[in-house]
Amino acid sequence: MGMAKWEDAVGAIGLILLGVGHYMGLFIAPKEAMMGDVGRILYVHVPVAWISMLSFLVAFVAALGYFFRGTTTWDALMESAVEVGVVLTSLLLALGSLWARPTWGVWWDWDPRLTTAAVMLLAFLGVTALRRLVDGPEQRATWSAVATVVAFVNVPIVYFSVKWWRSLHQTQSSPKTVDPGMVTSLRVCAFAVLFIAIFFIARRWRIAKTRLENELAPPEALLDSEEA
Amino acid sequence: MRQVWEVLRKDLLIEWRGRSRSTGVFFFAMILLLLFSFALGPDSQVLRQHAGAYMWLSLLLSSTLALSQSFRIEVESDALTVLRLLPVSPVSLYYGKAAANTLVLLLLGVASGPIVIAVFDVTLHAPIGHLLLLLLLGCAGLAAPGTLYAGITCRAKGQEILLPVLLFPLIVPAMLASVKATTLMMNGDPMGQGRSWFILLLCFDIIYWSISGLLFAKVIEE
Amino acid sequence: MLEEKITVAGSAPARSAVAPAAAREDAITARDVSKRYGAHWAVSRATFRVAQGSCFLIIGQNGAGKSTLLRIVATLNRPTLGELSYFGEAPRHDHAAVRHRIGLLSPRLGLYEDLTAAESLLTFGRLSTRPSSDRIHELLGLVGLNPSLATPVRLFSQGMRKRLALACLAAQDPDLVLLDEPYGALDPAGMTLVDNMVRRWQRQGATVVIATHHVERGAELADDGISLDRGRIVAKGSAEELTRFAAARFH
């Protein structure tokens, strides 16, 4: 069970970093000039946004991996990464609403990034629904890989079309224009969310692999037992 | 190319022979348009402003019926099995079916045009050719991912719900562009923005017509 | 246990006009072909050879795995385990080349309800070989459907549908014909028609595989074959041996 130990270590580091990062973000970093203390939500919001995109990127790569290799491992990784991505995106939207209410005065706004996140969430929720509704393991793997590829390709298209449609979100703040104290806290929090996401993806990957392998085989063993 | 044409011809022939079903889809689209206009109320200013949006919404909702229909005929008596054994490549099969679906949706759009004009009190500020081109591009945008996903959902459990769940999030950019461009045509386009929406829609079509054609082989082989 | 394997008879059956199997390459060679659905094996370690130009019989009761095996042989489903080669070649990734030589009569027939008989033949024919209208009439005449060529399929009886499906199959000119329960839903005249079609395909040099539970009927035509029970091959041998085996086993 070396795998489990490795995962647990990553998860533990993630939790510690999360604690440290939040302490820094809440008590050490200076107050955000425009938004005040509300702005401190950025220490979770921005890392969650980055890592949710990263999860979907992993799912996309896993889908391509399944196309070329056709193995259960890739299918399981795709299942795991899509689910973690969906959870992170839901969290992202909830955090975004919490921030938007005091800042913009509304819970929801048709800003490009917000809309893209919502559409992305729906598209990948569709993938999880598809996985539940197909019985054959090979059909399920192939079809959900197709849906994952399409959902991923869709993300930039939605982003640019909504951006054209209307734009009032503040421009993406790059770490160089803000206070160094804020940058450090943000980086620590980003690594925290990254490690926690890796922990969940790896754990979920292992569970999915076990379940899928049980579903598919072990062929020889079963054939022999029938012969006995 | 010949195979694409043969598949297209086959689908259109079946669609024509089974036209009582297609008229059902048409009535569904009409009823949606009427319901939308009731929901908006009698203010003709509001109706005119939103005509484009509701025209495309009714087309989108009816398209799921037409799209799943186009694969139900293949699956209900296992004709898909026979097709797979014929010397028809999956790519030709996809483009043939997607083209047939585009034409069916285009016909649906053209047929609902007069109803939109009458019920929503619309005057057209652009040449009719532009609107037809827009309809064609929009229907092609619906049909491309729609044909791909209908090929999946026709063989999954709960196909009625799965097709819209998978399709609608993808359609957002195409819908946005079609609705915007149509609204500009119906309410005047002083800033000349219509062109950029056309381009967006065209890009969407090109992207989805290419990747769906590649992915369809994977879908059909399972 | 139940295993009472009959070895393949050395001499080719007298009825067949085909040269001895060893002299030609096999149309199908199946080794350890297995297919798993969930927890159960629909087909388990099926190993057999079908000589080119012969008529091969797969017998077994409902649910014995005949249809699954035929769909795997038709390259429509991938086997969970095992290998298949066709005409001496084993397709690895791309089945396209061999697939187009295969024709399958599916138990659900694969016809479009809304097309007429003539349109169905024309449609399936155009997608494979571009048949002339003379050919369409010839094929419809062959299956006795000329009077109803303009009738939509949805008004056909099961027997007429099967006749039409056989004609569509013939329009594709397959080298390997797979018939899944060809005798179901047919009257005696229809059954004779199936026999005639099979002989016609064999005269044209095609290989025919018939899966059926009408053992005696199939054995009239077949050279040799296998008997399936719960996905496993329980007997192999010539048509006569299979008939005797089935009589002893199922009656």
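The letters A, B and C name the chains in turn, as written, and every chain counts its residues from 1.
Just so we're on the same page, a contact is a pair of C-beta atoms (placed from the backbone, for glycine too) under 8 Å apart; a residue touches a chain by one contact, two chains touch by 3 or more.
The structure presented is a predicted model; accordingly, all values stated were derived computationally and were not measured.
Centrality by Cα centroid goes to chain B.
Distance from chain C peaks, on a Cα-centroid basis, for A. Between chain A and chain B, the centres computed from C-alpha atoms are 32 Å apart. Distance between chain B and chain C, defined via averaged C-alpha coordinates, is recorded as 40 Å. Computed centre separation for the pair chain A/chain C is 50 angstrom, with centres defined by C-alpha atoms. The residues of chain A that reach two or more other chains are 135-136, 138, listed in rising order. Residues of chain A touching chain B in their complex: 67, 115, 119-120, 122-123, 125-127, 129-130, 133-136, 138-139, 142-143, 145-147, 149-151, 153-154, 157-158, 160-162, 164-165. Across the complex, chain B is touched by residues 71, 74, 76, 96, 99-100, 102-104, 106, 108-115, 119, 123-124, 126-128, 152, 168, 172 of chain C. Touching chain C in their complex are the following residues of chain B: 3, 6-7, 9-10, 13-14, 17-18, 73, 76-89. Of all residues in chain B, only 145, 148-149, 152, 155-158, 162, 165-166, 168-170, 172-173, 176-177, 180, 196, 200, 203-204, 207, 211-212, 215, 218-219, 221-222 touch chain A in the complex they form.
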